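So, here's a batch of structures to check.
What follows is chain A paired twice: with chain B in the first complex and chain C in the second.
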Partner chain A sequence: MHSVSAAPALLVAVAFSLPLIYLKVRSVKFFHGVSLVTTVSVFLLTLHVQHYIISRETPIVYRMGGWPPPLGIVYEVDALSALLATYTALVIVFIVAYSYWYLGEDPGTPYYYSLLLGAEAGLLGIYYTGDVFNLFVMLEVLGITCYGLVAYYRSSREAVEASFKYAFFGAIAGLLYFVAAVTTYASFGNLTMGFVAAHTRPLLRHSYQYFYQFIDVFTWGNITGAVAVIVALSLWTFTFKAGVFPNHFWLPDAHPAAPTPISAVLSGLVVNAGAYASIRFLYTIFGVYDPLSQFYHLSPYFSVVLSFIGAASAVFAPIMMLIQRDVKRLIAYSTIMHLGLVFTGFSLGTALGVKASLYHILTHAAGKALLFMSAGVAVEASKTRRITDLKAVGRLNPLVGASVAISCFSLVGLPPLGGFFSKFALYQAFIEAGRFELTAVLLISSGLALLGYFKIIQPILFGFPPSDLNTSKLRELSLWTSLLPLLLLLIVLNPITVEVLLNEAAESAVLAGKYISQAVESYISYIREVQLSPGG
Partner chain B sequence: MDAPSLMGILTAISIAVSLAIWIPIALKVRVRRTEVYLSGEPQAGYRLGITEVSWSVRRVFEKLYAAILNYVQTGVFNDWFAISLPYLILLLTLLTVVTLVGGGG
Partner chain C sequence: MSTSFLENFLITLTLYNILATAGISLYGIVTRPSVTKKIISLTILGDTFNVLAIFIGFRVFSVPPVLLDLDGSVEKLTTFATSAVDPLPQALVLTAIVIGLAVNLFLIFLALQMYRLYGTLDSRRIRELRG
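Up next is the complex of A and B:
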């Protein structure tokens, strides 16, 4: 088995095994240990895949069960998907370490990890897949596990209500994306992303005449009319998954109701899947921003639509942050703002814009996970999520105080933290594209958000310390091993460390040539194998 | 009467009956305002406090906040659909028109 498929397969296998093992093994610590080992292994596998792709400088095509595209499902991993998958796997390792501190001896732990590992499998599947329908399956895997995780405290009416809302709208979003996948199949005759991308680039026909004589057999629809419906339905779904305006409404309810580590997963990682899928569809598959694509004339319209969605989220969300009284709800609104900024970045249609968006995804994921986890310590100590009643845990544990402050400062965009560099990259991209109104949006949203973040910093660092707190829990190793690496990550996420990776990822998103050619080569090599075989 | 004609007539009747029932209901239903919902913030007790950092911004945008709280983030499904559904229709209409009229292909 190739390591591309090994990571999701391992996660699915462990996720399904945990509840069964719980029938025999009752030690909760065992499940913490198994989950930690699994997530570390998955991180190493994703890192191996990323290293392999960067060294070969071409995407990997993995045929599921040996079936070639378009007959079978393929995983196609390029620098963009490998970067996001590796980073997701890394952050989840720290979240699992934090879960050990957070859950302790909670008897629901096996089920919790079963769902969490399932969600990670869904995320990796979304990033790795090269198939439009398989993306639907992975979105559903991610969605269903997250609905369960939001309703983890099933005795809480608030959690059940939030989960129900999330699931209800998730079902609608899934249905719309399913219609988009069906329309893709009905018009393009296949569901392989690389093949669909090849069809939208008529100029490539000269390079792949051998390929097109086979693949044209599958095409039976009017792709021009179909693409409008496919992109509209998928973009609606992806904006729902990313939690950007006006499809953000589920997010401020669902994220706070979940256990704190899950809030970190949802706000830091799950929303990125929507942004990634949007980039993959608009850039790679349909080539809206690719001059070689027959849909290139749509680029000005997409720039307007996406930048409006992004700008509206980036301004609306910090205003909502200011009036929140629930700390986790405030942080959830900040997620809407940052994903809005990510959307404005890739709305530009330039490599610099995509690079800035990806950079902001990385810094936001680390900052948001750290902020949720460190603020979660204060919530646990204060036994309330009400901001004004939070105790000054930061004065008892300097790591928690530093984590809250540094994550907030990074999210605001203060130097020398990662958030500053990613916002600076966005600023550069807006200036380069001549979109000065978006630079204003970026500055206004950051200024408003700063006021919101002060609402969290003030009670946790400068409020009254808790009198009846069990301070030994604040000194536990699992808390340090989860917060400290993320804190360091925010400091080291500067252009020196990630520039090369971001350039590779942005290039593979904007220039789809390698992505298309690898899918096509995979098909051609299979056809040649069949023709050369004795029975062929 | 052949089967396709019968199917067409029955479908037309069912649509007509559905519309006859649905339109009067749709005309009566109005957007509701909710004070509190479980997973949301209890909005009834919202006050401006001068001690809060965001006081001046909140003072300036007070009416905007009230509008957002009462009409956008209410926690009622219908209100969300009122924003989200037009967004979908707008996307579909815009992209269909510009794709077909713009000469793609």
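Up next is the complex of A and C:
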């Protein structure tokens, strides 16, 4: 199953070679083309992995360099990670298509794509990895490329300051995750996610008796305290990456300062990595919400903390949206709100909650990318980010107008669009778990956010139109190929189309049995191969 | 008797050193207004956590994790496994050092660019100038 490792490897190879090719090839159009081809082929690779996992119905384990799991690094892909990786690769294709409209003949384009492809490699690495320490490396790959992209306009005071803030606190967050990874090794004696997960489920030990006899030696000290420390430290990092309430402070500065396509990547895709890693740690690895796990009794504490920070960001962010004067800053605050809702979704500890969270991640990613890119057209046309000075681009270009309106309606949650169904799923999950105060939070935040979105819709659709949009044929094509597919995606993301995928992903997150058994099987099959081979 | 006392003493000393250095560097990150000093504090914090990782895999009076003769006898392997330090945290630290190098270099270049644009590296002044 080499497609698993081929996707990040291809991205890293292209990302590193782009600046070298720039020494010889000076045509900027060439780099737009190469990046588009690369992202499309990566999307096909991730689609292949997704198809393979859905048809086999078990996670797949890829051994890096052939070393078996507890010794070597593995990529372990289940329905949850495959779904998010495929979706990320898909949305990035449209963002790269939009980048031609935005950058045009900008001489920094090769470096821009080098960092953007690096960020995609980091994202896919985070989703695919089955190793706690490899997750740290991939978080840093994602981090460094994103800091660089935020500071793309290096002569802008705002961008450099925002990037410094993001990079500095990102470095501290990375260090805390490093401590969590080292503590995991000290407590469990290995760093493979499936094996650590196996340790936390004492009941599963009967299935792999001989395997545990020599692994049990490593567990020392107060294991519950160690796990509480690990989960707390790593959640600090993941909430930082996701931009959720106490660690959101960098987000409203960094997202608007970046180039518009990068704002779409950061707000739509990068924040999801934090939510995914939280789900992976809480559900699969330490099984805080799994009754089979020996840490199940920790679930009330994490549930209270996570639903509090989620609810706090869902209520606080829309209030901040109402007082913003900068359009991109307003959209960035809306990201904090939506990630808050995602965190409340999986804080419940039910399969329905995880499913609703994942659904909301999908609809939010498409809606937020579309909103950033279409509002970016208005920002470019009016040469300012002040909401009151935005020109009504929607009256000249109906595609942009429709994109702004549809993405805002989807983010608010109006019926025929994806955002309605995901918010409805969240609502159902809250009711099922008996958390009525969270349904109130959901309704209040949606109502407040509606007022915020109308501040964007009003000038772009009903204000004074600009004199002309002076776009070339190719730039126009770039705009259509990026906005229209995302628009259609928002319309087709309803339960009829994604129900099966979401069910598989949520089931894979909540029931860790297959994830663990595939990792252990990979080890056992390696031992058998060695014993059967002539040299062994 | 004296060996175990020395062992305890060294381990306790290292552990308290790590905790104290982490606290001091966090204090520096929070309270120092100078961006340069913030970055210095951050590198100290990073090195502290690297020492913590080494410390977790360490044994006092141990041998390096290099097996010199591979004759496959069980006794030799057992003495090796019970006396050698754990090499994996060292590999983790090596990776973390390289990543830390990249992040710190990037931060230093950003600080240089900030100095060019703002004319100062005092974070309070920068906040005022940004408005």
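To be clear about the criterion, the second predicted complex is superposed on the first by the 519 of 536 C-alpha atoms of A that agree within 3 Å, B and C clash if a C-alpha of one lies under 4 Å from a C-alpha of the other, contacts with A are read in each partner's own complex, and residues count from 1 in each chain.
Criterion: a residue touches a chain if its C-beta (ideal position, glycine included) is under 8 Å from a C-beta of that chain, and two chains touch if they have at least 3 such contacts.
The structure presented is a predicted model; accordingly, all values stated were derived computationally and were not measured.
Contacts of A:Glu161 after superposition on the shared chain: both chain B and chain C are touched. Of the two partner chains, chain C is the only one that A:Val137 touches; chain B does not reach it. When the two structures are aligned on the shared chain, A:Ala186 is found in touch with chain C, with no touch to chain B.
Of the two partner chains placed around the shared chain by superposition, chain B is the only one that A:Arg329 touches, whereas chain C remains out of contact.
Of the two partner chains placed by the overlay, only chain C lies in contact with A:Gly174; chain B stays clear of it.
Looking at the shared chain after the overlay, A:Pro107 reaches neither chain B nor chain C. In the superposed pair of complexes, A:Gly148 makes contact with chain C only, with no contact to chain B. Which of chain B and chain C touches more residues of chain A: that partner is B. Of the two partner chains, neither chain B nor chain C is touched by A:Pro465.
Residues common to the contacts of chain A with chain B and with chain C across the two structures: 157-158, 161, 168.
On the side of chain C, the complex with chain A involves touching residues 29, 35, 38-39, 42, 45-46, 49, 52-53, 56, 88-89, 92, 95-96, 99-100, 102-104, 106-107, 110-111, 113-114, 117-118, 126, 129-130. Interface of chain A with chain C (complex): residues 133, 136-137, 140, 143-144, 147-148, 151, 154-155, 157-158, 160-161, 163-164, 167-168, 170-172, 174-175, 178-179, 181-182, 185-186, 191. Touching chain A in their complex are the following residues of chain B: 37-41, 46, 52-54, 57-58, 61, 64-65, 68-69, 73, 75, 77, 80, 83-84, 87-88, 91-92, 94-96, 98-100, 102-105. Interface residues of chain A facing chain B in the complex, by the touch rule stated above, are 157-159, 161-162, 165, 168-169, 176, 223-225, 227-229, 231-233, 235-236, 246-247, 249, 252-254, 256-257, 294-295, 297-298, 301, 305, 316, 319-320, 322-326, 329, 448, 451-452, 454-455, 458.
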